[in-house]
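One chain, chain A, links the two complexes that follow: it is found with chain B in the first and with chain C in the second.
On to the complex of A and B.
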């Protein structure tokens, strides 16, 4: 219902339940009114009107046929959107043998329906349907014959794992739904379809498990989807941008994944999944900060190994955001805190440098970000060149030219590699911003600056929400039961309950207890 | 309104947090390449009652080293004056050693100790060392051959402190201060003997409050390590008995009678006979036991002599006075304890358990 243009209420979370219900009622009333207005203002469907709309569209075909002397039929379709072979087989061929039956009776095809307005006709036409005008009975029919352009199911490139399912989503939404339904063959798995984008007419499918996912969360998602008003949606992150409650935060509030197993696991815990047409990336919500550190492989490894790897990721993230600022703090303000052996090395390496520790670190980090960004944009074959240039220029030449200290190069390398341990790519990108902010704070206030930065960082994480659920749960608010799958990944049989912050209707994951 | 008060209280809490931690928003310029962190101060008596302080600059980096020396009235004055004669600002935050000349230590070191203690930049993990001889001359001679001598000296002290090697009496500022301001203030410090070419460990200096009273050396110092400091010795050569004992661990049981007239010390020792060059055939059990008895007797005699020496010096570095302490009671005064200590009868009993060089025949 993309024409619903009511804006999202940006009220505070306090007392949201009541206000939400009121808002929902108001909104549904508004929707009904608008639907009625829509029907009233619908343009009558005539061949002339249609021809006028399709003028200057080279790939629009209008073909008139007369199988019999007194029977006449007109096909209207967009050549580039319709499967020509199926059109011949399923529509044109049967209509060649047409008698005086209606078109509906003549065409034994499932996806046929009657239409009456110009708007309906255009919508069908642009989604890959053939419009059939029966001149004799003066009836309009539409047959859906779109070209199923899709790449085959391939393994994910963004979330690679060694063991576990290799399939990933493609750009075809129906195919993606199939991949999920195969893993969740239950009738409780519901799919609600929405259309967004006044130009792109993007289909979004909201998936959840009825009787498990909290209805309040479903309702929030539904409202947010209904209130989206924009022209183009080419990627699921575009949709997330309209649904996030804190768009100015650097932390993604929707998990983006192209892995069906991740979606299914999330659905099973009581989360929602949004599939967006023409993109392989689904959105999962509500999520927490800690979800970005979870990998599908965590649930494949032995639990002790998985816990070790997950803890390593958290430590690496912390190291990646604080290591370089710590270097600047120590070399600028707190030389006393360094063990003497390290002081030796640091003093020696910084002796003839032209830059202060801050500018030295800033330039190296900026260069690293440039190299990282370039490595993504460059063709694969040029990647090796980039590695050589990056390694030699940054690693060796900068030190030899006394532009940067050896110690900083080592630390920058460790921090950069540590940042890649976070499985979520969008999260990896956020670390650079935090690192630069901490860098500035540490250059002014030393370790105190880093502490202030950390307080602000934690305060921000505690303040933001994902589909109005706390983003920093189960740490704040504290849910001790959920800690079994937080910094460690507990033994699977121990993980008997679903996350508390999701308030699922079924608490227990075992069938014996409900 | 509620939100305003909430924000105001949060701001107040944040400000309090900084104030309570004593954080200073006006930070010093400590850019590492512009400063010269001092590793050690060598303090000596100067002319006309002044102090002569010296340090080696730059301390850690591989540049040509210089020994800076100044005669000053006040210890802190040195830091300021050094900055005027050296191109890098000298910083005290990495001070690891203070070497005090023996002559100065005999006059009293309380002013130096207090100055070091109140300086927030100086860590209490700072080694205090007494030097017999002119350390400056030694440094000046060694600069060219061993430029990182100060660092190696620090590493040596750290090594012997960290693993209780039982070779030296290593003390840091915190330990010295704790004893100095205890009811029985008889701290100890290591003494190093230095001349223009050599630098060697001499023994343990005994203090009466902040004044150096005497030094215990060689065998006495070894027994001191067993009694108090580390309760461990890697080697204990006893030339008189042609024996070297190794890996000696001691367990000391001290008992003071109610009238403070007799002190009984029982020392259980375990170790091995590392070397024997005497006349006894210690493969035979009887002769081995005889050697053990000789060792026990020797150690008892040496320990008694050492404790008598302490009584003569009127010092109690082994902190026997602590045996008089009891809960909910005022500690005995230092003078009163010294009266008891000087006239105390001392009974020393060693119980030595040794592993022989080889299998012993019955």
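On to the complex of A and C.
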């Protein structure tokens, strides 16, 4: 899984399980073409070539051993990438007792294969393998002995829940696959490996359930992954950026999660999961706008409570983007809309303000965004200081200095807190831009401006796609059956069908009906 | 989206879309002003009668959708009528579409101007309302069709607001609904019937959506549901306005529906009408956007450019041309305020009535004739 095989190597591999062979067989045509091109331009593997390439690499080790008078072996490896203990136990120690057998027969370990080109050797070296040169038989072997550097399995910090599974992904892709496989012990769960990044050589694993996920969606994902051409991929969102169909949209078209249970639930519905090496965040697609409002806890609570909480999130999002623009609309254009008592309160609080409602709201919102961004960037210990300063600056000083009205401060507080109810962090970031756009429109056209903004917002949402599937489903396109898990979270036994917009091969979630 | 393809067909649209499109196309600005044309309580029967007539027309229209020609999309029209005739009709069709776009926009803008922004320059309002419609249309036919669901969900609840205050005592009094049998029949009554027929027009434009609609479904059933929804909405609004104003006062008021809504109150907002008129923009934007796409499509057919890729320049040229036409019309030839004296509304009314009467019947005759020839 961690290296590309050429056709002639397949026979000499040992210990690769069937699924890994399937993965390799299912590699896209483009990858095969790449391999063929590489083979054509391959440089012959010699010790001199290798030494030349490893020059000025302080952590590169080239060790020569002579177990017998007529036997000689050379080990080449990168010290910082190889597990030294396992190297001693699995390779050096057995080769100390080497007879005239081949290295392949002497080393009884799984991850051994023969290589013949310099390119293969370098790729193996840099992925944590030891290259063994058998001088007697003039053969080159690689043994994969990488250091499994990884955090322990911890609970998610970005998607915290009170009840439910606490484990989350780490930076180790194999460990992440294990977490998913443990929850989905079925052979239909397929994993296809891709390598992206000309410098980072990042491994991406595409996971789906065969016979359930729509093959067209799998094919779209495969094509997009195969066509990626860039040097560095350090995070899963980097991969998403190359796969998204609407890069200029402010809405994320891939769901990022570090929770294995979320991935498994999505796979079970007929979606894809992309695991990216060296990042704990997996990508899930195709998704809809409404998925950003779903929390794993929705499926733990009683359905009525879960539905209430989910509806509350949608309302909060709506409030967070329209409350301040509505204040500007009312105070600038539609005083007559306010009941007399409220009008007095608003007028009294705005009596000595030097700014128009728009500039007042704009400055307060800009200050809030600055504080929110600062609180993320500052060390945790400074967070409290920031909170106090932010609270005083916004809460008291602005009102006392008569830069902002008390009413606006209250509304800004409500809008900001409401924006935090959206479980998806990336989604909460988009709300600020929408809020500013609505603010400008409301200052020009009042309520009509907000409605114009809302139309543009909804028209945009209904036009974008995630892996070519509609982003605003099941609302537009309309799929009434999927509404059972939309604004409300229906009783779990009622949710017998998979989402229509995914066009899964198996419609029913119950085993009695297919 | 790699290419700018406005009329690409990736999927077909089913029952819900047919129902909602029929309903939305039949409820334009007419809903705002219908009661002041109908006035007399016995016109309730006129609404029902025109609704039934509209239903008969929809039966004819459904025959088109179930024919083999419809399944072929544009080529079906060509096979049925010949390419030259199709291009000719596409060219003729530009005029009612243009009139509908312009009158719908200007009428809605007039309502905003009267009730929300009396001191704002109307040109700015036209710019914003037309601009957002162009934005929606720019997403292509499929996305605009999808937008009907959003438009419907955003405005359908407004009709429910009429029930509580207007259909309950003290406002609702049975004697406001008398006489239910016509005692006199004047020219104005015929004019009201024409107005109603025009109000029910709109579904004839579904023929422009033939390639996108699923022809295998029970079209008549869904067209009927859409038509019934429209009928009910007109009835509810008219009866509510009879209760609220009484027939004597109804003829003397402008924009009766909006004026009724001004009496609605909530604990948070006093002038709900401002919100309701603004939110109704969803409905108008859908209609204007889809008509803009029809206009662009018809222009391409007339100019024999159907095989060529749609271009942003082509679309923008259409937008600019219509905007300029609308601007000139509003500046020098449009009399804001009451609609009964506005010549453009009258033209639109006649053109709507004619297209709704002729298009389904013409297609039906053409199909029959073609069948007989073959």
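To be clear about the criterion, the second predicted complex is superposed on the first by the 479 of 514 C-alpha atoms of A that agree within 3 Å, B and C clash if a C-alpha of one lies under 4 Å from a C-alpha of the other, contacts with A are read in each partner's own complex, and residues count from 1 in each chain.
Heads up, the rule we're going with is that a residue touches a chain if its C-beta (ideal position, glycine included) is under 8 Å from a C-beta of that chain, and two chains touch if they have at least 3 such contacts.
Just so we're clear, the structure is a prediction, and the values are computed from it rather than from any experiment.
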- Item | Clash-or-fit label for the pair chain B, chain C on chain A | clash
- Message: With both complexes superposed on chain A, which partner does A:446 reach: first (chain B), second (chain C), both or neither?
- Response: both
- Which partner does A:350 reach: the first (chain B), the second (chain C), both, or neither? first
- Query: Can A:336 be said to touch chain B (first), chain C (second), both, or neither?
  - Reply: both
- Touching partner for A:241 - first (chain B), second (chain C), both, neither: neither
- Message: One more residue to check, A:462. First (chain B), second (chain C), both or neither?
- Response: second
- Item | Per-residue contact with chain A, leading partner among chain C and chain B | C
- Task: Considering only touches as defined above, state whether A:484 meets chain B (first), chain C (second), both or neither.
- Result: neither
- Stretch of chain C, among 117-125, 261-269 or 333-341, that runs into chain B once the two complexes are superposed: 117-125
- Report, in rising order, the residues of chain A that make contact with chain B in one complex and with chain C in the other. 333-334, 336, 444-446, 448, 455
- Residues of chain A touching chain B in the complex: 330-336, 340, 343-344, 346-348, 350-351, 353, 356-357, 444-446, 448, 455
- Note on the structure: Note: in the complex, chain B contacts chain A through residues 14, 18, 23, 25, 27-28, 30-33, 35, 37, 39, 60-62, 91, 93-94, 96, 121, 123, 151, 154
- Message: Which residues of chain A touch chain C once you look at their complex with the stated criterion?
- Response: 245, 333-334, 336-339, 342, 444-452, 455-456, 458-459, 462-463, 470, 472, 475-478, 480
- In their shared complex, chain A is touched by residues of chain C numbered 1, 11, 13, 16-17, 112, 116-117, 128-129, 132, 135-136, 139-140, 143, 146-147, 149-150, 153, 267-271, 274-275, 278-279, 281-282, 285
